[in-house]
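There are two complexes below, and they share chain A, which is joined by chain B in the first and by chain C in the second.
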Partner chain A sequence: MGGKVIGSILAALVLVATWGPGAAWAQKGPIKIGFLAPMTGGAAQVGKDMVNGLTMWLEEHGHIIAGRKVEVIVEDTQGQPNVALTKLRKLVESDKVQVLAGGLFAHVGYALAPKVDEYRIPMLYPVMAADDLTQRKPARWVVRTGWTSSQPSHPFGEWVVKTLGYKRVVTIGIDYAFGWEVVGGFQKTFEEAGGQIIQKLWPPLGTTDFAPYLSQVRRDADAVFALMVAASSLRFPRQYADAGLKARLPLLGGGTTFDEFVLPSLGDEAIGGISPLIYSAAIDTPVNRRFVKEYRARYGKVPSYYSESCYTTGQWINDAAKSIGGDVEDREKFLAALRKVEVPDAPRGPVKLDAYGNPIQNIYVRKVEKKDGELWNTVIQTFPAVSQFGKYKPEEFLKQPVYDRNFPPCKYC
Partner chain B sequence: MDFWISQLFNGVSYGALLFLLAGGLSLIFGMMRIVNMTHGSYYLLGGYVALTVIWRGGNFVLAVLLGALAIAAVGIGEWNAFLKRLSGQELGQVLTTMGFALIFQDLALLIWGGDPYTIPVPAVLSGAYTVGQLYFPVYRIFIVAVAALVAVVLWLVLERTRIGAMMRATVDDPEMARGVGINVYLISMAVFALGATLAALAGAVAGGFVGVYPGADFEILPYAFVVVIVGGMGSLKGALIGSLMVGLLDNFGKALFPELSYFTLFAPMAAILAVRPTGLFGRA
Partner chain C sequence: MTRRALAPGTPRIAIAIVFGLLAVSPPFVSSFLQALLTQAVIYAILAMSLDVVLGYIGLASLGHAAYLGLGAYSVGILATRHGAGFWVTLTVGVLLATAVAAVFGLVALRATGVYFLMITLALGMVVWGLAHRWVSLTQGDNGISGVPRPDLGLPWSFAHAIPFYYLVFTAFLVAFGVLRGIVRSPFGATLVGIRESESRMRTLGYHVWLHKYIGFIIAGGVGGFAGVLWAYDNGFVSPADLELSTSVEILLMVALGGRGTLLGPALGAGLIVFLKNLVSVYTQRWLLILGAVYIGTIVYAPEGIVGALRQWTKGERAWAGR
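Right after this comes the complex of A and B.
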């Protein structure tokens, strides 16, 4: 009996000695990350880019975070809020993950947040950009490592008036929360700088044929601001050119309209498109050049902002877990640590959270150009350290309602 | 005026695409009473095969034709191996075709990945004709031309040839057709293959215009069903009129009442069904 006890102690000592530091945590089992992404359906490629980003970070770091092995469980949301909720339940209740991440589409983000708060498990949102999750309806357990929909639009709207000199713009935005917020943010600063939105068109999510909208575009405009997502980004530029508009009206857009994931499939009709976003694969810094090169070597394509954001999310989880000695089981402590993370050298540039839990980061104005036979989002202007409130005071900004279909109202339509 | 002309043109060209897709569905539906949920997959696969042919150096016409033929073979296989055995069991058939649709969706994702693509269009077919202030994209004119050609050929085959007569007989009364010595199985297979071919053709042609991407199959399927339900199943004329109606309604609905775009599409469908449960040209 006594011999047995001594034997186990010895065995334990040997284990600790051979595994080295971190072995104590290893006994707790791996850190499980539950990752939600659309792996089938219209946004499947975005989902793949997201998973690739996180996977690449983990592979580069040997699947170890704070001395503990890391296990990622990917679940397919099909881009649907109800499916995402079911999968969230599965990840928490049967897989017992300690941290959640991922998700795509603003409305999915709004649907998941209350459930995440109910489970009291930290969830990182690298992509879902729904404004109010870090504004009027903050979710306590959601940590945003991505952006708010209107964040890039704020500096861009003003810039379009002042630098490009366009005064009258028509907007065409996909008709759901993300579209309203991107267009709304643009309209606010654009009109405050002296521009006029003279028409707002809202094609539904999943529109295949934009002709009915394109043929309504007013002819007395200076430019068109289009917000497309996923597969619609693919069709829109060609249909825009086919409708004879490219020759007459320059095309501006939200960042996702000229997504990196869609650029290789676009033709020359996309050249010249200008859009703001938190990332461009063409950012010319050593960190990003290395990231793009490595990503390409692994997955055979240029990383999109989805890949970058999920890659940085890996870094984020790591930094937070490390700062609390890998004790991610203490959820309150882990959440607090996640909110404190600052990543000074992410591929997209420096990132840290504001008091409302949304990253303060650079916004890049990108122009689609052709280099060596490939389309790239060349950076033509960088706004450093932009917060989700832009140049406004948070308290004042939060007095206005969240951007939607009819806010800001179209005064010049 | 300009507005009406260009919207009319848009509606007709979208209707033409829908006709290519729904014509086959209508025949299959009417002749075999198979609610073919795989139809959207044929559309998707047709686009992907065409794309692959172009990647391998084939030209546009070859790509579209090979896409259509390859999917005809897929359709024949599916029918022979599974659907034939389920003849008359409507629920079993629906579930089988649904199963195939899901399998094809995943297979396509496995083979072609999740990236969205557009099929490169030859220079002759890109750009637009301008008439005054109006723009008519050449590719849309091309789609209308293809649909018109297919409609005429189908009509000639169905109305003017012996095999067409056999097909119509099978639609009207399969038992009697069998009784007078028509090989209903062979005819059914041919119709199924024809339906698949048309769907694939639609997919390949649409690839140059709305793109080929995962999810296209289930995105387009409801439209095809609306066309068939409005037009009446098994009727070529019904499919043609139905497609034009759906194309125009969808287009004018979106242009005039953008907030009600689904309402303007589905409300007329409900109204038609209330008055004529078999569709405009269908027979009970």
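Right after this comes the complex of A and C.
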């Protein structure tokens, strides 16, 4: 990946000018953004989507933020917490970046947060969705521009009972924190609205053969809620259809089960899948239509939510830097500005932060449909301005433990 | 196979220079390089511990990350939840790793060769599975974050990179001294004998299984020691540290540096840490380079780098272990 050009002269200038008071001056040198993403290993393609999103925003705006040149330094985390920590240190101490962004896996997010607080450099999390990063264990210097795992599940669970009328649902979730949180959020509101989760299955991370789980699925259910990620998402719908379940039990899912990252690789077996997420490439607004068209022209594929979120992160850094006159060296001020940003017209819709540092944003219920020979996540319902706590009061919500494989307990199993 | 002690001379001087550089250079390099040096030294301890099993007993283990993990989780759990200090976590970490190695050894040492490899792999995955699934204790794959740097009650704070490096470096010297003492003792010589011919050693009246068992336990304990340092270095522990890929990496460090040489694996560890972290800064093709290094080693230096150097300096095939 490009964007790793480090002018040592410019770096020296930044060093000299770091604590300059007042508004931005041209001689301060570029604003340096340190970007962490897995560029090698199993998640390299997702990492690429992330970098594409940020790069696209910067290219569209001439690599200028608040009148200052912008330099992005991309570092490969290899999807490993310890490598991410080492690269974080490099970005902060050697490259002297003023702001950090990126990260994909939840454990990387938890590993980085205390270090980010120690360095006192703002870091934006466009993707890492672990609930507690903005709930029970928030970090002062972390600003989330993405989502919490259970955020889309909250309105969706209630909607499934009230609109689709399903009362008995079996969940199949990948057995790790992200899976527990997505399934947990769904179960909470689904059961409070009168539904019953009658079975919970947890295939381990990396499962590609679901036959042992699909054969266990109780046939007296109304539907199946599946939370898949990455390689599992690619294989699950096919196996679900092959097991003869597609015709009998409608397939619902977490956002990543059918996100735009996997859709192009899926076949007709995915059609009809319903899932909630903060983004769909099929959102029918002028901003998003333009975004999708431009993104396709540049990178030859439909943007995933990873791309959208990192694109909006570019906008986010811009808006914050602009509001303080480009003076990103004043970190406290910059952090405060980052927390105040409101993006009214992101491709995903309006986005602003709640008091805990997580976006309040639209949640889209999407249904996989085929249009012009391609699979799209048609938006069939929009919940406007949903916070990570859904309809609950934050203080009340935070009294319950974080969702895990046994919480909420399976009362109807 | 000719067996002769290395003549004092060039190799000793080279080793002295490297140790000297490791001792003196950190304050003068960038903080990123300091971080890499710290990691490299910790991995060097780990690789040396595996070398006891691979190089001296002659058994390839694919479960060594388990001991790293046991040491690291001891720190993670005790330091964050109970506020335990360095000496407590160190003691618990090393003892726990030793105890688990003692249990695993009972199972694994029934086999040799590829079967030993598979059993250790399975046992390693058991520990990984515990870390992954025993959420109430380990917080699952989110990991345990916020492990503070150790406070030894000394006038300088180990929260800073350089004092911490010297702590780790001291630990390395201790581990190296202990392991070197062990492999050069009659016990170590017996291990080498077992590696070369188990039946001959048995005929000579040695208790072959017991020697292997003790060697296996020592490796586990020192592995746990490295794990303790690893957790303090990262401030974070997660099941990612215990994955199969970590075990493979340690094995490759030993093979790359030269098994049965102690310092060889340490060198291999340093090389791999730098390749992984430093080369990946410049190119995404770092895996390709790493692959080329492995293949090059297998083809041109099957005894590893140190093995090749010895052959080169002495003009003959030389195994270590004396």
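Just so we're on the same page, the second predicted complex is superposed on the first by the 389 of 413 C-alpha atoms of A that agree within 3 Å, B and C clash if a C-alpha of one lies under 4 Å from a C-alpha of the other, contacts with A are read in each partner's own complex, and residues count from 1 in each chain.
The rule is short, and it goes like this: a contact is a pair of C-beta atoms (placed from the backbone, for glycine too) under 8 Å apart; a residue touches a chain by one contact, two chains touch by 3 or more.
Given the structure is predicted, the values throughout are model-derived calculations rather than measurements.
Student: Label the relationship between chain B and chain C on chain A in the superposed model as either fit or clash.
Tutor: When both complexes are placed onto chain A, chain B and chain C end up clashing with one another.
Student: For A:Leu234, select first, second, both or neither according to whether it touches chain B, chain C, the two together, or no partner.
Tutor: After superposition on chain A, A:Leu234 lies in contact with chain B alone.
Student: Regarding the shared-chain residue A:Gln400, is it in contact with chain B (first), chain C (second), both, or neither?
Tutor: In the superposed model, A:Gln400 contacts neither chain B nor chain C.
Student: For A:Val83 in the superposed arrangement: first (chain B), second (chain C), both or neither?
Tutor: A:Val83 contacts chain C only, not chain B.
Student: For A:Gln45 in the superposed arrangement: first (chain B), second (chain C), both or neither?
Tutor: first
Student: Just to be sure I read the superposition right, which of the two partners does A:Pro264 touch: chain B = first, chain C = second, or both, or neither?
Tutor: A:Pro264 sits against chain B, while chain C stays out of touch.
Student: Please work out whether A:Lys115 is in contact with chain B alone, chain C alone, both, or neither, and reply first, second, both or neither.
Tutor: Touch partner of A:Lys115: chain C, not chain B.
Student: Determine, under the contact definition given at the top, whether A:Gln216 touches first (chain B), second (chain C), both, or neither.
Tutor: A:Gln216 sits against chain B, while chain C stays out of touch.
Student: After lining up the shared chain so the two structures overlap, which partner does A:Gly206 touch, if you call chain B first and chain C second: first, second, both or neither?
Tutor: first
Student: After lining up the shared chain so the two structures overlap, which partner does A:Ala243 touch, if you call chain B first and chain C second: first, second, both or neither?
Tutor: In the superposed model, A:Ala243 contacts chain B only, not chain C.
Student: After superposing on chain A, which of these stretches of chain C ends up overlapping chain B: 219-227, 291-299 or 309-317?
Tutor: Clashing stretch: 291-299.
Student: Jot down the residues of chain A that show up as touching in both complexes, chain B in one and chain C in the other.
Tutor: 40
Student: Quick one: in the complex, what on chain A touches chain B?
Tutor: Chain A residues touching chain B: 40-48, 201-204, 206-209, 211-213, 215-216, 219, 230-231, 234-235, 238-239, 242-244, 261-262, 264-267.
Student: Which residues of chain B touch chain A in the complex?
Tutor: 3, 6-7, 10-11, 13-14, 105-106, 109, 113-118, 120, 126-128, 130, 133, 135, 137, 139-140, 209-211, 213-216, 218-220, 250-252, 254-255, 258-259, 261-262
Student: Help me check something: in the complex, which residues belonging to chain C touch chain A?
Tutor: Within the complex, chain C contacts chain A at residues 30-32, 35-36, 39, 132-133, 135, 140-143, 145-146, 234-236, 238-241, 276-277, 280-282, 284, 286-287.
Student: Write out the stretch or stretches of chain A touching chain C in their complex.
Tutor: The touching residues are 1, 4, 39-40, 75-76, 78, 80-83, 85-87, 89-90, 93-94, 106-107, 110-111, 113-115, 130, 132, 175-177, 205, 404-405.
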